[in-house]
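A, B, C, D, E, F and G label the chains in the order they appear, each numbered from 1.
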Amino acid sequence: MEITPEQKDELRRHGILLTSLEELYNWGRSHSVWPLQFGLACCAIEMIATSMARFDIARFGSEVFRPSPRQADLLIVSGTVTKKMAPQVVRLWNQMPEPKYCIAMGACAISGGPFKQGYNVLKGIDRYIPVDVYIPGCPPRPEALLNGLITLQAKISGQSISGPDAPRHLGSADSCEYPVPEFGGHDLEPPKNPDLWQPPAPARAPKP
Amino acid sequence: MLGTGLIKGLMVTAKNLAGSFHDPERLVTTEYPEQRTVLPQNYRNFPFLVTENAEDPMGTLRCVACQICEKECPPQCIYIEKSKDKKADAAGKMQIYPAVFDIDISVCMSCQICVEVCPFDAIKMDQVFEIATADRFTGLLLDRGQLSKPNSYFHQIHPTDAAEVDGRLAAERKAAAEKAKAAAAAAAAKAAASTASAPSPVKAPPPVSAPPPATAVPAIPPPVSPPPPPSPPPQP
Amino acid sequence: MNAVLAAIALLILASAGIALTLRNIVRSVILLVVTWFGIAAFYLWAGAEFVAFAQVLVYGGAVSMVVLFAVLLVRHGKAGVAETPAPSGRIVSALLAGGAIAGALAGAVALTPLAPAAGPAPFAPVRHIGVLLLNTHAASLLAAGAILTVALLGGVVLAAGGGPEKEDGP
Amino acid sequence: MSTLQACLLLSSLLFSIGLAVAIARSSAILVLMGIELMLNAASMNFIAFWRFGPNPEAATGVLFALFAIAVAAAEAAVGLALVIALYRHQRTIRLQEATRLKG
Amino acid sequence: MPHAEPWLERAPLLLRDAVNALLPAPARWWVDSFLDIAVLLGVFGLLFAFLTLAERKVLGRIQNRPGPNRAGWGGVLQPFADGIKMLTKEDIVPRLADPILHFAAPVALVAFSLMSFAVIPYGRHLLALDMDSGVLYFFAAGASSELAVFMAGWSGRNKYSLLAAMRALAQLISYELPLLLSFVPVVMISGSLSPSAIVTAQGGWHLGFIPRWNVLTPWGFAGFAIFMVASLAESNRSPFDLPEAESELIAGHLTEYSGFKYALFFMAEYFGMCALGGMAVTLFLGGWQAPCAFLGFIPSYAWFGAKLLALLLGFIWIRATLPRLRIDQLTRFAWKFLVPLALVNLVTVGFWHLSASWSRGFDPLRWAIAIALVVIPFVAMGRRLSAGLGPRTYRFAAQ
Amino acid sequence: MIEASTDALLPSPGSRVRPVRDPFHGDLLEVSMGPHHPSTHGVFRMVATLDGETIVRLKPVFGYLHRNHEKLGESTTYLASMPYTDRLDYLCSMTNNWAYALAVERLIGQPVPERAEYVRVILAELTRLLNHTCLAGFLLQDCGASGTPLMYAFREREKILDLFESLSGSRMMCNYQRFGGCRVDPGAHWLAAASRVTEGYGRFLDEFEALLTGNEIMMARTQGVGPLSAKLAVAAGVTGPMLRAAGVAYDIRKVDGYGIYPRFNFRVPLGEHGDTYDRYMLRILEMRESIPILRQALAEIPAGPIMDPKARLRGLRPKAGESYGRIEGPKGEIGFYLVSDGTPNPYRYRVRPPSLINLTILEDLCLGRTIADAVIILGSVDIVLGEVDR
Amino acid sequence: MNPAMETPEQIRDRLLARFPGAEISLVPNPAPGAQPSLCVGAAHLREAAVFLRDDDALRLDYCSNVTGIDWPKPGHLEVVYHLYSMALRHGPLVLRARTGNRADLVSLPSLTPVWRSCEFQEREVFDLYGVVFEGHPDLRRLLMWDEFKDFPMRKDYVEPPDYEWEPTAHDAVAAKAALQHPAAAAPSPAPSPEKT
C-alpha cells in the first residue's frame, strides 16, 4: 500500500500514532547502531581508537562491535578494499540483516583514495554495495567517524516508515542481496554492479 | 598461591572503576560533539587555497596556476587549468590564475606535499574534518570557490605559520617594490637626466590589501570552467 | 487428572515415535530428550518430585550431553547426521516385534485385575527418601555407587585409551 | 480403566517403541537410546505401582526408580564409550558393519 | 531483633491480594499464579534491561570511559533503543540451517532459564513455588539450558557454531559436577533441599554480630567459591565464555542468529546469570537475611536484591578483567581442581557437622582444622595445576 | 645436492588450499579463519584444518590488503612515496619513514644534521612504545580479556599520538621525515611534552603488568605455547622481538648502529623459550629499555638545523645505482631496497616487510595446537596487514 | 657496519675456486658507499648459496630480502637476495640471479631449501614477476588470487580498464576513462559544464 506524502501529512494531522510509532522506530534504530567488527586497513585502527576510552563510541550506544554480521547493523568499510577482498565485503553485507547501513570511512573506501591507481584496488566500495555516509580523510580522525555516525543517526531519524523517503529495507524485497563479484583473469567480474552504481560521465575529455 | 595474579588484576580494574568517578586521568573521554579536542596548530586535514582578502575570495587567490602541486600530488587528486588571461593579484601584479582548481577530497590523503612544494604559499592545510556526507559525487569534490579561504582564516588556524608566511611575503613584496622603485628611480633619473624639469613620475605601488576593482574579476570562459556551484562549501 | 496424564502420554509417545522414524540422528536424540522430559513430567504428575528432578538432571543434563558429544565425535561421512536406512526387512521385523510386545503387554495390563487404589498421593518427602536410602537400602546404594564408579572408569578407559587420537580432558 | 492401568499401558507402549528403536535403527547410538527408553519404561512402572498400587507407604518404588536411573546413566556412559572405541577402531558406528571383536 | 514492618515485608503480597480480591473466587488461583509469573517476568525483564546497561556502563567506567549516555537521560533508555531495534530487525534463517532447531533453541533456552526463578526465595514471604526439593528443581532446570546452546550451535550449520556446540557440551559435562557438589555441604548442614528452609537455617548471629551465613564458615566459603566459578562456567560468562569466544569462534553458537532470536539468547544469558546469582545468595549468603541485627528494619527482599546486585557486579568486574581459558585447560581445571576440592569440602563439612558439639572451648581448634582442611588442598592442588607456570626472569645480550 | 639443511627447518609441503567443502563431511574440519575474523588483525586469512580443535594444517592466505605499494612507488617520485610509507605499517609510520629516508639518503649520499638524528631516535623509540603497547593490548584481547587491556593500551597510545600530531600534523600518517632531515623542528614545548610522556610511561607499564602479566590464566594461555627455536628463527629470517624471544641477540640498532644509536646505552633483552609469553614479555622489556633511550635523547638533543640545507625536496634524480636501507622497526627489520636508473622515479622500489617474513613460521608454531592457541600465536607474531600485503 | 666480511671480490674468487666453471660476475653499484653485488648463474646458484651459508668465514645464515626486478631492456628477470650473517653480525652481501628471458626461460632454482625465509618472498616474486622457482615446496600466487593471469609488477603490465569516473582526471587517466565512456571520447564542442 502506497501512501503519498499528502496522505501522510493528512494522517499525521489526524493521528499521532503513525508519527509516534515512526519516531519510536527511528529513535530505537538510530540509538542502537551496532557496527560489524570489521577492519580493513589504516582506518580500522582509527575506528578502534574511536571505540576506545578517549573518544568512546559507546556514548552513542554503538560500542557493541559484533563479530558476526548477523547481529550487526552497520558496516564500516574502514580502509582500502582490494579486489581480492571485495567479494568478501559484499558477502558480509549480504549476510547482515536489514535494516543495515554502510559507512565508507576514509579515502580508500570511497574512491580507492591514494591507492586508486593500483591494479588490485577497488575504486570505491559503492560499486558493489550502497553506501549511506561517506567520511573523507586519510584516515579520518576518530571525531570525524563520530561525526559520520551522527550524520547517519540524523539520516535514520529523518526516514519515515512509508512513502518515498522510506528506508531501503522497507521498500522492494529484492534489494537485500547484492551479486558477489567473481575473480576473473585480469579483474573482478563484473567490475561494478551496474544496477547500483552508474557513475556520471567523466568530467572532462582528455586533451588531445 | 593460585589466584594472587587474578586478584592483582582485579585490583587494577577496581582502582580504575573507582578512579573514573574522581580522577580525570582515569576518565579520559572527550565527549565529542559538545567537547572538542583542541587541535594542535600543526594539525592538517585537506588543503585550501589562501586568498588575501575575505571580501573578494576569487579575486585575490595567491595561486598562479603553476601546476607544481598538481604534478607532485602523490594520489593525483588536484586538477588545475590555467586561465587564458591574466589579472592583478593582491600585490597588483598581473598573474595567470587558476581557471579551474579542483581537489577531490575523496582521494586526498592530506600528506601536505602540495603545501611543501608550493613556491607561492598559495595552498595551505586546513583543519576541517566534519565533512561526512551522504553524496559522494557532489559533496566531496571541492572546486575553486569552496577551496578558497581568506588569509585571516589561515591566521586563525595556523598562527605561527601564517605570521611567518606573511612576513616572508611582505619582505618579498617589499623587496620587489624596492626593486621596482629603484628601477623606477633609475628610470626617473634617466628621464630626469634627459628632461631635468619634469616632475617625478614615480607611482606608489598599490596597497597590499587593496581589493582590485570588481571589474577585474574576469569573465570565466564558458567551455572550460563551470560557474561556482550553488552548494555552499562544506564548512561547519 | 487424567487429561494431564493423556497429555503427558501423548508427548512421550509422539516424541518417541517420531524419533524412531527420523533419519537425522541429532534430531532423533533431541526428540528423545523431549521424551525424557515427558517421563519426568509423568513422575512429577505421579508425585515423585525427587525422581522427576533426578530424571531431568541425569537424562536432560548428563546423558543427553554425552550422547550428543558421541554423535559429534563420530560424525563420519553420513553416519553422523543422516543415518543410512536399515533394510526394510529389519524395519518390518522391528515393527512386528514392537507391535507384538505392545499388544501382549497391553493385553496383560487390560486383563489383569488390578486394585484401583488411587488414594491420595503417598507421602515421600526428600528427607524420607534419604533416610530410606541410607538405612534400609544402604547396601543397594553402595552397590549402585560401585556400579557407577566402575562404569565411569570403564568408560574413560574405553573412550580415551587405545585410539589413535588423544582426548581433551577426561 | 483405572489410572494404574493407563500408566501401565503407557509404559508398555513406550517399552515397545524402545524395542522397535533398538531393532530398527542401525546406528549404535540410537540402539543405545532404545535400550534407555526400555529402562525408562520399567522405572515408570515402578512409580506407577508406588503411586497407584496397593502399598504406597513403603516408597520402595521411588527408590527403585532412582537406582534404575543411576544404572541407566552408567549404562549410557559405558555404552557410548564403547561406541566411541568402536568408531576409533573401525571408523563406523553401524552395528551391521561392526563384525569384528578385535580392533 | 527488629524486623521490618510486617506490612512492608508483605507489601508485594498485599498488593497481589488486593488485586485478587476484586475477582470472583474461582479465578483466584489462576490470577494468583498469573500475577506471580507476570511480576517475576516484569522484575527480571527490567533487571535484564538495566543489567545490560549497567554492564556497559561499569565496563566503560573500568575502561576509563563513560559508556552509553545519549539515549534518554544519561543513557537510561539505551536498553529500550536496543530492544526496539532488535525487535524490528530482519530475522535470518540460513538456507542450510535446521529451521526447527534454529527456532527452538532460543525459545528453549529462555524457557529453561525462566523456570529456575520459581524456587528462589526473594524475601521472607516471597517465594513463587515452595518445593520440598527446590534446589534439585533449580539445577534440573539449569542443566537443560546447555542443551539449548548445543541446539543453537548445531542448527546453524556453521563451522564455528559447531565448534562452539562441542565446547558447550564439554564445558557442561565438566562443570555440572562441581556445581552440584558445591552445594551438597549446604544441604548436609541444613538438612533440607528446600531453599526457604536453607535460608531460614542461616538466620541468627554468631556472638551477636557475625551472621550465620554459610559463606562465613570455612566449608561454606570454599563451597561458595566453587559455586561461583562453576556458575560462571554454566552461564558462559568470561573467563569461561568459550562457546561464544569472540576472538576464536566469531560469536560461537550465536554466529548465525540475528534479530529477536539473538536478543532472546542475550536475555537468557542474563536470566541464567541472575538465577545462579540468586541461588548463590540463597545457598551461601543467607538469602534475604539482613547482615546485622539493627539493619533488620529494611525489608528482606531489599536485602536479597542488594546481595544479588553485588554478585552481578562481581560477574561484570570479573568479565572486565580476566582473559579466557582454553578448552582443555577449562576441563582440566574442572576435573583436576574443582571436583577434588569439592570432594574434600564434603569431608570438611562432615567434620564440621560432627564437631558441632565441640563449641564449648574447642571452637578455635575446630575452626583451625576446618580451615586447614580447605586451605591445604587448595594450595597443594593449585601448585599442581600451575606446575611449570610462573613469572620468568630474562637475560640481556652482552652488547 | 643440498647439504646441511635439516628437515625441521623446511616448510611443510604445501598443496593448493582446498576450497571449503561441507563441514559435516569427513573427520577433519576445514575452517577458514578470515579475512573477516575478529582476531586476524585485519584482513588476514588462515585456512586451518582441524581435528577436533587441534590444528593439523594451517596455510596463511595473503593479499587481501595488497594495495600495490611497490608499483605505486615505481610510478611516482621519491618524495611522493614518503606519505605512502606511512600506510605500510600504519601503527609505526615514523619508523617506516626513517627506513625509507635512510635508503634514499644512502642512494644519494645525503648527510643528516645532528638534531634531526636525535629527533629520529626520539620518534622511533616513541613508535616502539606505541607499537608494543598496542601489540600487548591486542594480544590480551585475543586471549579473551574483553577490551580492558586494549583500552588501557590505547589510552597511552593517545598520548603518543598527541605528540605526533602536534609535531607532524597527523595522528597516524605522519609523513614527517625527509631525505636529509625532518620536516618541522620540534620546539622546546614539544620536547618537554615528550619528556612528560616518557616519564609517565613507566607508571603505565607497571599498571599494565599488574593487570595481566602475573595472571595465572594469562600464563597458562601463553607459556609453552608456540615455542620457536633459535635455529628455525634464524633460518626463516624472523626478526625483531620474535627473534630475540627465541634467544638470538640480533638487534639492528646494535649491529648496524645506524643513525646515532651507538651513542645510547641500552640493553637488548633475550628470551629463553621463544614461546608466546616470551614474545609478550620481550615487548614489555623492550619498552622498559626504550624509556632510558628516550630520556637520554631528550636530554642530549643539540640545537641546530633540522634539515640539511643542501637537501632537495623536488626534482630528486639520483644517479643510477642501488641501495638497501634497513632499521630495527618495532616489528623487526624493515628495509627499503631502491634501484635508480637516473630518472625522478625509482626503477625498483621494494619494501622488506618484517611482518610477512615473520609469518613464515606461523604454521610451524601452530601445528598440533588448538585453534585458540593459533589465535594468540598470531597475535604474538605482531603483524600489520598493510605491511604484510603492501 | 660489516666488521669483518670479505669483499665481494674475494668472495667471488673463493666461489670460483670452489665451483670452477660457474658463471659468477660482479655487478657494480655506482651509488655512494654501496658495494657491488654478485651475480651467479642459475646452474650454480643453489650450490653457491649453500656455500655462502655454511662457509665458516661467511656464515651468511640470514637471507633478509628477496625481490625481483624486471629488465625489459636487456630482456630478463632478475632476483636479488640480500644476505646477512646473524652469527658473525656482518653483511650485507647482495646476490643476484637472472633468468634467460622474460617469456619462457623464467625458471631459477629456489633458495627456500637453503634459507627458509625465501618461502613467501619467492612466492611473491613468482606472483608479481612470474619467475618460476624450481624446488620451491609450495609455489602458488601469494598476493593476487589464483585465477589471476598477469604479472602485475612487470614493466609492461597493462591495468584493467576500471576508471569510469575520475573527477580530477589527468590526461592519462582521462584517456582510460574515455574507453569506458565512448561518448566522452569525442568531446563535443561545448561539453556540459556540470562536473558531477
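We take it that contacts are C-beta pairs under 8 Å (C-beta built on N, C-alpha and C of every residue); 3 or more make two chains touch, one makes a residue touch a chain.
Treat the numbers as computed from the prediction; the structure is a model and nothing was measured.
Colleague: Hey, how far apart are subunit B and subunit D in touch steps, shortest way?
Modeller: The fewest steps needed to get from subunit B to subunit D is 3.
Colleague: Please give the intersection of the contact partners of subunit A with those of subunit E.
Modeller: Common neighbours, subunit A/subunit E: B, F.
Colleague: If I average the CA coordinates per chain, which chain comes out farthest from subunit C?
Modeller: When every chain centre is compared against subunit C, the largest gap points to B.
Colleague: Between F-G and C-E, which chain pair is linked by the larger number of C-beta contacts?
Modeller: Between the two chain pairs, F-G has more contacting C-beta pairs.
Colleague: Would you mind pulling out the distance in Å between where the CA atoms of subunit A average out and where those of subunit D do?
Modeller: Averaging C-alpha atoms per chain gives centres 57 Å apart.
Colleague: How big is the gap, in whole Å, between where the Cα atoms of subunit A centre and where those of subunit F centre?
Modeller: 32
Colleague: Could you work out how far the Cα centre of subunit B sits from that of subunit G, in whole Å?
Modeller: Measuring from centre to centre gives 42 Å for this pair.
Colleague: Centroid of subunit C to centroid of subunit F, CA atoms only: how many Å?
Modeller: Those two chain centres are 59 Å apart.
Colleague: Going by the contact rule already set, what residues in subunit C reach two or more other chains?
Modeller: Within subunit C, residues 50, 54, 62, 66, 69, 76, 165, 168 contact more than one other chain.
Colleague: Give me the residues of subunit F that touch two or more other chains.
Modeller: In subunit F, residues 24, 37-38, 52-53, 63, 66, 68, 71, 83-84, 148, 151-152, 155, 158, 173, 211-212, 214-219, 389 touch at least two other chains, as defined above.
Colleague: Going through subunit A residue by residue, note those that touch at least 2 other chains and give them in order.
Modeller: 37, 52-54, 56, 59, 67, 84, 114-115, 117, 119-120, 138, 141, 199-200
Colleague: Taking the complex as given, what residues does subunit B use to touch subunit A?
Modeller: Interface residues on subunit B, with respect to subunit A: 27-33, 36-37, 45-46, 74-76, 104-111, 129-137, 139-140.
Colleague: Under the stated contact criterion, what part of subunit B meets subunit F in this complex?
Modeller: 2-6, 8-9, 11-13, 16, 28, 40-45, 68, 72-74, 109-113, 116-117, 125
Colleague: Using the touch definition from the top, list the residues of subunit A that touch subunit G in their complex.
Modeller: 83-84, 119-120, 123, 183-187, 191-192, 199-207
Colleague: Contact residues on subunit F for subunit G in the complex?
Modeller: Checking each residue of subunit F against subunit G gives 1-5, 9-16, 62-63, 66, 68, 70-71, 106-109, 232, 234-239, 248, 250, 255-257, 318-324, 326, 333, 335, 337, 339-340, 347-348, 350, 352, 356-357, 359-361, 389-390.
Colleague: If we count contacts the way the header does, which residues on subunit F are in touch with subunit B in the complex?
Modeller: Of all residues in subunit F, those touching subunit B are 76-77, 79-84, 148, 152, 155, 158, 162, 165-170, 173, 175, 183-184, 207, 210-212, 214-219, 313-314.
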